[in-house]
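For reference, the structure is listed below as structure tokens.
When the chains are written out, they are named A, B, C and D in that same order, and each has its own residue count from 1.
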Amino acid sequence: MPSGTTHTLNGCLQILCSGESAPTHRHSASAIRFIIKGNGACTVVDGEKIPMKEGDLILTPTMMWHEHSNETSEPVIWFDGLDAPFVDLLNLSFFDPYPDGKQPITKPDSYTTKRLTMAGLRPAGSRPEANFGLPFIYRWEETYQALTRLAALEGEGDPYDGVVLDYVNPINGGPTLPSLGCQIQLLRPGENTRVHRHTSSAVYHVFRGSGYSMVNDERIEWTQGDTFALPPWAWHRFGNPTSKEAILFSINDKPILEPHGLYREETKE
Amino acid sequence: MPSGTTHTLNGCLQILCSGESAPTHRHSASAIRFIIKGNGACTVVDGEKIPMKEGDLILTPTMMWHEHSNETSEPVIWFDGLDAPFVDLLNLSFFDPYPDGKQPITKPDSYTTKRLTMAGLRPAGSRPEANFGLPFIYRWEETYQALTRLAALEGEGDPYDGVVLDYVNPINGGPTLPSLGCQIQLLRPGENTRVHRHTSSAVYHVFRGSGYSMVNDERIEWTQGDTFALPPWAWHRFGNPTSKEAILFSINDKPILEPHGLYREETKE
Amino acid sequence: MPSGTTHTLNGCLQILCSGESAPTHRHSASAIRFIIKGNGACTVVDGEKIPMKEGDLILTPTMMWHEHSNETSEPVIWFDGLDAPFVDLLNLSFFDPYPDGKQPITKPDSYTTKRLTMAGLRPAGSRPEANFGLPFIYRWEETYQALTRLAALEGEGDPYDGVVLDYVNPINGGPTLPSLGCQIQLLRPGENTRVHRHTSSAVYHVFRGSGYSMVNDERIEWTQGDTFALPPWAWHRFGNPTSKEAILFSINDKPILEPHGLYREETKE
Amino acid sequence: MPSGTTHTLNGCLQILCSGESAPTHRHSASAIRFIIKGNGACTVVDGEKIPMKEGDLILTPTMMWHEHSNETSEPVIWFDGLDAPFVDLLNLSFFDPYPDGKQPITKPDSYTTKRLTMAGLRPAGSRPEANFGLPFIYRWEETYQALTRLAALEGEGDPYDGVVLDYVNPINGGPTLPSLGCQIQLLRPGENTRVHRHTSSAVYHVFRGSGYSMVNDERIEWTQGDTFALPPWAWHRFGNPTSKEAILFSINDKPILEPHGLYREETKE
């Protein structure tokens, strides 16, 4: 592990056992959930029930009521990402339990996602609602399809990160959430990326395959299920020496830095 | 027909017979093509070959090289929409034939669309390229799916326009093109919308079904294949008295008016 | 005069004789007034009385109630600039007389300008009000001071236009009005600018001094009090062969073109 | 003092004695200097020499080379405000000494300020340079004039803060610096403001007069030369029980919170 780490984000694995539920609450920290294992648990965000499946990414923007429940017979595990350290640093950590125990379901299942299915199509007049994020779900089936379609295009792929997609605000194309960015990244068999560094930090979760990262002079070997941090301004590159594709999900704090002129990057010859 | 009409847009039907082609050219007017009949003709925009199928919408932003060809055995008909009257009014109509006859194909088929498939996912770092529009294609299969999914959501639908989707810039969520907006609109069997008016004008093409519009005091009956204009500031509403859904494609000049404080709307009790 | 002209703007000279007044009205066209001769007449914009002095620029944004009166003993002459041709082209020309004859004065004299005196200082929280323009006045005393201070800075001055200031929205730095830009331009004794062209058109009024413009191949000699138009995409340059400074006030339609990707410029070797 | 404090900003008093100088350096933290006492010392920012006088506010945006020197016979004291705690929290504190000891003077004295003197006037085409702040100086003479002119307007003044001006980016109207806001605030003799709270925190310096602040339940008496902090989300109000005006200069972290949806305010009945 590099000596530094991220100071704005936290990422942890969370398990919700069969029959368990988390009561309705909200907080000023923004959160994302990336489902690693298990299908069929649910989260409710802002009155909208969202079923969780492996590979799905679910957003919980700042101060939106939410809760989780697992009514299936198997445990569900997800990667939980928050900007809580950033919000704590600012001394702005608010937390409220829901006054009456459990928020009512007020919208059809996956309402927001059903209204926004395809890049470039949007219910007329829906722009303003999106300022600070939506209770959106990015389905794995479509995410993986977009990732492999991009990988198949000749000449595509970032020299430093391989084939990489930003999850963006589906209304205005801004960052995933105003203080938290998410990416999904595919390293092709045998791929070795070039070295660069940036002032943003990140937490990675290995969703599929295995490989390694060079962070400064340290080699971090990783395989499916691992989680590791990239500190700010550390030289780094990625390698996939295997014959299978490797897929990394990650959260980053670039949206925290950019509006304040603090984002920079450098490459090495 | 209402006495007024649109002063900024033109819409016409264009047929490309079997074996016909239009040579490469570009112009300052922005154009869209909405395919009405026939499959398999192609347009090339900015080095990218885009096959045309019924119901597809294809964008040609200002000053991008483009051409069309029909190598199939059936004619292809499309609705052609341009902001040419607006550009002419400004005395800014530029037109260039391609220097060497035919532009080369430099990108994979439907490159832009393949890179932007799902709302909320985007190749990392692709934002700036989108300022004045993309050679994008909105496939009918996905458009119709989005439209019917929206129609199925309880409580959805605009009181004045029925179930209506904006085609938006897939990168930044802005208008279809910076001086031309497009919408697809579904009127459910028996649906009658309420009366309103706005300063923007529009040209409608009836893609499926039939119905009527009340424009000021005039009743315009329309059926599949018809095209009609809505002048600025005219009171209007839509009706679908049939037992089948009616689908209208339209272009409008709202993006021309909004940046200059000239867009307004009014409703009637 | 060049064969072309501007298609979006009109500029004319208006005289208000001693004792005359224009009743309160409003229109969708945006207007500016640049005072050429006479001091002490008044305009009232949106409940705010604004005294007019030579060289002042006064804004009347779209649909704001306004009126003029001259209670002095001398006539007042101003240059009147509007985007009326643009608004007419769109068929969006609205005009209302004030219901009760004369709008009441509801604010202190030159209220808006008194609140916004210095670059970089602004009453807290005043941002949103500025979207479509303010009833602002740019006083000549300060305008001329800014112009000469800029002229005195070594290396300043645009190669194509001499020393030139944009009048900008004092709240957000945007264009003078959302569909009309204004500039004040000083040509130093002996100054000859370089040739360029742009898609925007302009109307110039010669406020001080004399000189000439080359527009395409035509030489336009101008002197104090003259008004001339620059058509879109015409090659042009300015010359001041005299030993006194020449000052041109102008309006342009760059704000109409820019949001739609229609503004371009070219230089000549 | 309230138990909490600001976590993003620091404010301190700095003295530069006669003959002293600080060598050229730069850092990722953004800085402002508000001159409290003494005239005639100089700061150089980005090749531009800026003389310091009492009441002036001088900006040093992120990563701009700067230095200070006092060639007068009296000491100079200023209030130094930085977003250094914020930048440190992010682990992004960069600091460089100037390679060759002292940066050269490359621009005329107070160049940036001379080019931007009056609200609404700007050298043509100067917009893009302003993204992350300018080496700008807000002169006290003009600041105080703007403040008293605003105070003289009937009905002006914020119910929670008295007569208060934002120092804004003179090019685009954005915050003083992208991660640091500044205000100047006048409490009229006898003025008592109403109670509110907001998530942003601030550091105040008493520039003229005396009065008190109620922060939560604590009364903070202050007089000229004092400095005090306002923690986030603390109820507060201001009082000036004297017969003279009181003037507070302050820095705040609202620009850090707003882009991330973390700024909120509440009022009390």
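Annotations for the structure displayed:
One rule holds for everything that comes next: a contact is a pair of C-beta atoms (placed from the backbone, for glycine too) under 8 Å apart; a residue touches a chain by one contact, two chains touch by 3 or more.
Note that the coordinates shown come from a computational prediction; the quantities given were computed from them, not determined experimentally.
If you take chain A and chain D together, no chain is in touch with both. On a Cα centroid basis, the chain most remote from chain A in this structure is C. In this assembly, the C-alpha centroid of chain B lies 37 Å from the C-alpha centroid of chain C. As a whole-number value, the distance joining the C-alpha centres of chain A and chain C reads 50 Å.
Annotation for chain B: no residues touch two or more other chains. Chain pairs that touch one another are A-B, A-D, B-C, C-D. Taken in their complex, chain B has these residues touching chain C: 4, 7-8, 28, 30, 61-62, 83, 86-87, 89-92, 131-133, 178-179, 199, 201, 231-233, 253, 255-257, 259-262. In the complex of the two chains, the chain C residues touching chain D come out as 108, 111, 114-125, 127, 136, 138, 142-143, 145-146, 149-150, 153-154, 156, 158, 161, 164-173, 183.
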